[in-house]
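What follows is one structure encoded as structure tokens, with my remarks underneath.
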Amino acid sequence: MKKEDTAAIRFQRERDELNNIVLKHAGKNLKRFYSLDSAVYRDGALPAKTKELLGFSTSLVLRCDDCILYHTIRCFEEGVTTEEFEEAVTIGLAVGGSITIPHIRRAMKNWQELLDHGLPGKGK
Amino acid sequence: MKKEDTAAIRFQRERDELNNIVLKHAGKNLKRFYSLDSAVYRDGALPAKTKELLGFSTSLVLRCDDCILYHTIRCFEEGVTTEEFEEAVTIGLAVGGSITIPHIRRAMKNWQELLDHGLPGKGK
Amino acid sequence: MKKEDTAAIRFQRERDELNNIVLKHAGKNLKRFYSLDSAVYRDGALPAKTKELLGFSTSLVLRCDDCILYHTIRCFEEGVTTEEFEEAVTIGLAVGGSITIPHIRRAMKNWQELLDHGLPGKGK
Amino acid sequence: MKKEDTAAIRFQRERDELNNIVLKHAGKNLKRFYSLDSAVYRDGALPAKTKELLGFSTSLVLRCDDCILYHTIRCFEEGVTTEEFEEAVTIGLAVGGSITIPHIRRAMKNWQELLDHGLPGKGK
Amino acid sequence: MKKEDTAAIRFQRERDELNNIVLKHAGKNLKRFYSLDSAVYRDGALPAKTKELLGFSTSLVLRCDDCILYHTIRCFEEGVTTEEFEEAVTIGLAVGGSITIPHIRRAMKNWQELLDHGLPGKGK
Amino acid sequence: MKKEDTAAIRFQRERDELNNIVLKHAGKNLKRFYSLDSAVYRDGALPAKTKELLGFSTSLVLRCDDCILYHTIRCFEEGVTTEEFEEAVTIGLAVGGSITIPHIRRAMKNWQELLDHGLPGKGK
């Protein structure tokens, strides 16, 4: 791990590495879940941007840092503004309570890194 | 309780009744939370419709039937279509797993009642 | 079920009935858990009253109505005042978020019943 | 609802009724999840009996009564004995804590009904 | 990070740093939640010490290490004794089950550090 | 920490170290829970292998990495095959949803390490 890497870069590298191990052992059903999990966020009646906000806020109230980071990156890619992101964070906080605050701290730090450094592999 | 009442009508009646008891005993901080909890869903950078979808999907993955019903009614009021509602349900299911299915069954039944009978106190 | 029974009375009757079925089938380890579960709330370095408040607030954030009702009754028995109860409720709400509100509504209704009718089997 | 119906019969009737509403509105992804959710419990490297015990114990620690009842019925169908069921219950209790006890009470009552009345539609 | 820092010191440093980022982007409602979250633990009908025990035990059963550490430090500040802390831990364990044990291990290690090194910035 | 240690070795070392601190401060009830927690996984009506699969899958849906790793090691010790492990993983994924995926990635990586390096202290 290079010291200067952002959380987003570190996450994507580790995620790819570990998904390779999962898929090496995965049976048919596990693979079907992975495929389904991509499909539900695609543009449909609701645009991908709204769907990523749903992915983000559900991950926040369930308090999974990796899931939160994944959807933080995707929200940024879909053009969510800082004001919109902050409102989604605040709904998650109201619904899920103060127990979500440590995750919100890390999410906001990662959002700041995306603002400062842009998307992994794309720059600002 | 009248037999023919919809789930939405029964819920709103009981909710009002019980909130009166809560507010009778509520101190300053509890009242502040109630007030904050209304404020976060108002139109802002994100429209109220999107915020209610966030309220709905977070309630679904946290599996609280009353919260799900509340936001189901609010989504309907904000003009969410059946196709949009179904996609929010499916994201909740993918994120939260099969453990959400009994809640999805009840949510879809309540959505159908809203389609059939309209909003409580407003008709179709 | 008699219509006029309080939630506390109905709960205790059903709880006794079902615990009899559990204990009929219970092995040694399940019985040990039941015994341990009573022991942890007894007076110790912390008084039983504080321990019941801990039992109540943990049940509230985990959102189990039966557990909440059990500890609501026990808090009342241990002389918790309405002001103290309301503060424990508010901490649960702040920690656990709005998803706890439906449970708070029911808890406050049950507290009101205890204030109005006293403990089950003891009267006011 | 007939008064004398077992919990298993009432559950299966309501489940079928509500699943019809869900499937009426379901898009492709929601249907794929339903299909996947059946597939994962079929005989494979692990026998269906073990898989139903996994379904039961995960539902117990996540505290979903309908899911618990569904897998209780399926465990009974797969020939799980009362001793085996009790041990799965006790593991769920140890892992998930006393917050699972109200669900265990209901699960054991339903198990007793299955012992007394047999499977819905099949008799003893 | 200096190697010899306690978990409490590292946590408070990181918490301050990240809260600065949160507050830079925070809207009115997010700030109101932060303010409310401080208010609920102040002396009232229940003393701050009891309230911190409630904050600790709810954080333990919801299994949030940062929240647990925050309230562990606050319990220590409020004069909670090791015997009292251990009883609050045990109630959390009974309510929340063995899934809390890894968090209990870390909480006890942090408590031991507080016993050995005193509060961050204050010494023993 | 030696760089080349597997996750299993690091976990067992840290677990032993921290359990010593817990047990130093543990009262009677906390010790009873630890003892009960070992007892429920022993051979009984269900074999230890099945019980460890139950411990694994409940830990997975409750999303506790340390608990998952503990039962991953125990499953490997009890002779669970990779195919059986993958099916237990997939049931956890279906029940608990995509929020479990980051834990599944880490579980599969640890399983791969066990396949490659054998049990801690025993070799391949």
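So that you can tell them apart, the chains are marked A, B, C, D, E and F in the order they are listed, and the count of residues begins at 1 in each.
FYI, contacts are C-beta pairs under 8 Å (C-beta built on N, C-alpha and C of every residue); 3 or more make two chains touch, one makes a residue touch a chain.
Just so you know, these numbers come straight off a predicted model, no measurement behind them.
Enquirer: By label order, what chains touch chain A and chain F together?
Expert: Of all the chains present, those in contact with both chain A and chain F are B, C, D, E.
Enquirer: If I average the CA coordinates per chain, which chain comes out farthest from chain F?
Expert: B
Enquirer: Measuring between Cα centroids, which chain is at the maximum distance from chain C?
Expert: A
Enquirer: Have a look at where chain B meets chain E and say same if over half of the interface residue numbers show up on both copies, different if under half do.
Expert: Looking at both copies, the contact residues mostly coincide.
Enquirer: Report, in whole Å, the distance between the mean C-alpha point of chain D and the mean C-alpha point of chain F.
Expert: For chain D versus chain F, the centre distance works out to 25 Å.
Enquirer: So what's the Cα centroid distance for chain A and chain D, whole Å?
Expert: Those two chain centres are 33 Å apart.
Enquirer: Can you work out the whole-Å distance between the CA centroids of chain E and chain F?
Expert: Those two chain centres are 27 Å apart.
Enquirer: If I count partner chains per residue in chain F, which residues reach a count of at least 2?
Expert: 27, 29, 33, 36-37, 40, 44, 58-59, 61-62, 67, 83, 86-87, 90, 93-96, 98-99
Enquirer: Please output the residues of chain E touching chain F within their complex, sorted ascending.
Expert: Going by the criterion above, the answer is residues 63, 82-83, 85-87, 89-90, 93-94, 98-99, 101-102, 104-106, 108-109, 111-112.
Enquirer: Tell me, which parts of chain A touch chain D in their complex?
Expert: Those residues of chain A that touch chain D are 27-29, 32-33, 36, 39-40, 44.
Enquirer: In the complex of these two chains, what residues of chain B are touching chain A?
Expert: Counting only chain B, the residues touching chain A are 36-37, 40-41, 44-46, 50-51, 53-55, 57-62, 67, 81, 83-84, 86-88, 90-92, 94-96.
Enquirer: Which residues, counting only chain C, touch chain A once they are in their complex?
Expert: Touching chain A from chain C are residues 61, 93-100.
Enquirer: With touch defined as at the start, can you tell me which chain D residues reach chain B in the complex?
Expert: 15, 18-19, 21-22, 24-27, 29-30, 33, 37, 58-59, 62, 64-67
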